[in-house]
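Here it is, the structure, as structure tokens.
Each chain carries a letter (A, B, C and D) given by its place in the written order, and its residues are counted from 1.
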Amino acid sequence: MAKSKYEYVKQFEMEQQILPESWFVVRLDGQGFSKFTTAHKFQKPNDKRALDLMNSCASEIMLKVPDIVLAYGQSDEYSFVFSKKSKYFTRRSSVTSSQFASAYVFNWSKYFPDVPLLYAPSFDARIAIYPTDRHLRDYLCWRQADCHINNLYNTCFWELVKSGVSNKQAEIDLCKTVSSEKNELLFSKFGINYNAIDEIYRKGSVLIRKVEYFNVTTPDGSAGKRVKNSIQILHCDIIRDKFWSEHNILDL
Amino acid sequence: MAKSKYEYVKQFEMEQQILPESWFVVRLDGQGFSKFTTAHKFQKPNDKRALDLMNSCASEIMLKVPDIVLAYGQSDEYSFVFSKKSKYFTRRSSVTSSQFASAYVFNWSKYFPDVPLLYAPSFDARIAIYPTDRHLRDYLCWRQADCHINNLYNTCFWELVKSGVSNKQAEIDLCKTVSSEKNELLFSKFGINYNAIDEIYRKGSVLIRKVEYFNVTTPDGSAGKRVKNSIQILHCDIIRDKFWSEHNILDL
Amino acid sequence: MAKSKYEYVKQFEMEQQILPESWFVVRLDGQGFSKFTTAHKFQKPNDKRALDLMNSCASEIMLKVPDIVLAYGQSDEYSFVFSKKSKYFTRRSSVTSSQFASAYVFNWSKYFPDVPLLYAPSFDARIAIYPTDRHLRDYLCWRQADCHINNLYNTCFWELVKSGVSNKQAEIDLCKTVSSEKNELLFSKFGINYNAIDEIYRKGSVLIRKVEYFNVTTPDGSAGKRVKNSIQILHCDIIRDKFWSEHNILDL
Amino acid sequence: MAKSKYEYVKQFEMEQQILPESWFVVRLDGQGFSKFTTAHKFQKPNDKRALDLMNSCASEIMLKVPDIVLAYGQSDEYSFVFSKKSKYFTRRSSVTSSQFASAYVFNWSKYFPDVPLLYAPSFDARIAIYPTDRHLRDYLCWRQADCHINNLYNTCFWELVKSGVSNKQAEIDLCKTVSSEKNELLFSKFGINYNAIDEIYRKGSVLIRKVEYFNVTTPDGSAGKRVKNSIQILHCDIIRDKFWSEHNILDL
């Protein structure tokens, strides 16, 4: 049985060529998550346990893949930003979605100890290439603006529903309101100050890497250094310049 | 906060164009599985529980994705063959690897009831396009020949090791033997007839879809038909013509 | 002045990966040729000189590029079919369009001795990949059917115009006629039997390679063989099987 | 003859997706030009007529294609830089190589009135995508440094050959010299001050667009404006910042 006779089929593998020295972003998205959240009775408009689980999965991936310089998550999606210097490949997108999904199942019971996982969820991955820092920042602005818009809408929607309005009527009531009217509705009708809602819901989660150096004494008695790589989870604005001047991300 | 202002970044998403009416194959490969199998004390040369777990994950995916007409698995890899008629996209590769990995973790305890899963494994995905039926069959020949070659080697290797030979020496002993010598070694030294070893180890697993129609009586009393989609797991030769003439795969 | 310092920019060159062992077709199309044919007073509906010029350019390219197994031309377009076995690259499309355009200008005066070339024309190139022989044949059917449909329409149109009908009216008269009505119009009104019109106009031009071997006497007196590669220009049907069984193209 | 039946083959056309808002460069390269320059007895080390012909072809293309913001030529190559804002396609590369080659043949006799063109030359096209202005400038530095290095070498080589040294010996003499030694050789042996050599040979040709507005009186007597688009040919340094601060290219 000649192995070599068939090996020519390897040349048919397709690997998309990626532009070097550009920002490479993989965005994972939960597949069929409206059904999944219903089946597992997620709290509305936000379930803190689910966001914590997402953040733990993303942190694990960032610890494993040093090329990732930042990750941003909200709802059932997570974006991973790879360093411009990394020699990434598009195959990376399938590994990332695979790692995330298996970590999600693996870590489930830690965040949902009382909720049995009924079936295995999955995530698809899109890839995008951003030529300049401005494009990358605009991408992240897009996702954080999306987080804000969805959360404001969902907060109003579920308050209306909890107050007895039907799902359909709540949708109708909200469809033509602008942001300021939604803020006003929350405040006047439900006594909720939107800006006082936890930032994790309004801003999403921003994961950055923290590298710490410790002085240690090596076995032979001489002084040495130990590196500790950890992941910090922030819930801050990444649209304005402040975050970017405080954190040296773009030069990584 | 204008959402639209940032939405232009969507056009930077890359989606590889795939040749229509060609065979599309996604092959998943376990990441770091030699470490994983050691950590979880997999039996050598083959662990039936691990293969059954792989097969259950692949079956689940085939049931969910009607475009898959055949799947072939061996060791820690699985190939999914998509119908030439399907409107697949390369993003499909990330979903498949994600579904597989989360199913692997989800189903773990069913196949390894006594082995706690220590960490979440992952799978990467390669895609290949095969223009003709001949190319597709050669691809599957390649994988099945690889299964045979690896299994014959591993069977010899672990028999030698179990008999007291060191790992290193076993490697040296085997490195220059051809197939017939390995067969002879197994028979003369360990009384093993290689061809009597279970086919799941020698041939791998071939998953095909079985569609059955049942006559049913509908609630209003009239006659109807119900379709039942199931997956058959075979451990047969797919190199010779017999399999292909018995199963109508290539026209699906 | 360090050259090496800048050479990293080479890695940004994009070369599209092409599926191996598939049919690769480059189709050239004249850019702005309705303006070009008007400026150079091409005869209507067909200018034999222009078609001969196109055929001479295509023949030159086929002689230079052994990987081309067939070429098909009509009007201001030419398709070049590369052997499935060739190691082609997409860059090939730019060379082909370049060779064709410069040959067109170079050979112009031979076919239009009395018409000065007023400006340099150009051709764009599209590439397509066909996985099987059937796809390739369907591609060529598409182009030859297109030739027939356009030629039938143009023959009617210009006969009407020559008979005094305005361009606009001719268009209106023809827009809803089917093929049989156009044939009838030509015959009853202008005494033209469409099927008697020269095949070069109705079928386009099919270029195939002819390889001849000659017995020669080498300088040292011994017998040798000389190969002569020439291009044959046919104006035959390539939709039906006859052409393909008479000419061994698909196995080249 | 159903046209529609075959039209499905159109979907097999491959058009490479190009990253938006990035610099897109098409570089043309003469095919087999060492044979071509020998056949047409080009003067060595540089033939002014040939460079003027190249520049005239490139100017024509820039006038026709408003998306090109800069072109750079040297020897038998020309690079065209397309605006970041343009909606270019990779097919553009085949049109550019086609336009250039036909213009080359068309304009030949104007620059080589006494040299009959023996055969039609051709040019291939490579495409590269540069994500940032820095990458684009480095690309142009690479080409201009290449121009300098080749011209210095060729000037030495042909002076040696003209002085009676064999081609082979001249190659040996030069192969290990650095730039300063080549400059010294030219000065001490042949009385040539390299820096006094015409800039077109040392720097290549830089084409930029000049848009002029003229006040005109329209037929109805009112004041109007006429735009005149012309191409300026410079032979200046484009490695240092001076050129880029004087010419507003990067924001076009």
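Basically, a contact is a pair of C-beta atoms (placed from the backbone, for glycine too) under 8 Å apart; a residue touches a chain by one contact, two chains touch by 3 or more.
Predicted model only: the values in this text are computed from it and were never measured.
Here B-D and C-D are compared, and the pair linked by more C-beta contacts is C-D. Chain A and chain B touch with mostly matching residues; of the residue numbers seen at this interface, over half occur in both copies. Rounded to whole angstrom units, the spacing between the C-alpha centres of chain B and chain D is 53. Note: centroid distance chain C to chain D, computed from Cα atoms, is 30 Å. For chain C, the set of residues touching two or more other chains reads 12, 14-15, 19, 129, 135. Per the touch definition, chain D reaches chain C in the complex via residues 1-3, 5-10, 12-16, 28, 31, 60, 90-91, 93-107, 117, 119-130, 135, 138-139, 141-142, 145-146, 148-149, 179, 239.
Of all the residues in chain C, the ones that touch chain B in their complex are 19, 21-22, 129, 131-132, 135. For chain C in complex with chain A, the residues that touch the partner chain are 11-12, 14-15, 17, 19-20.
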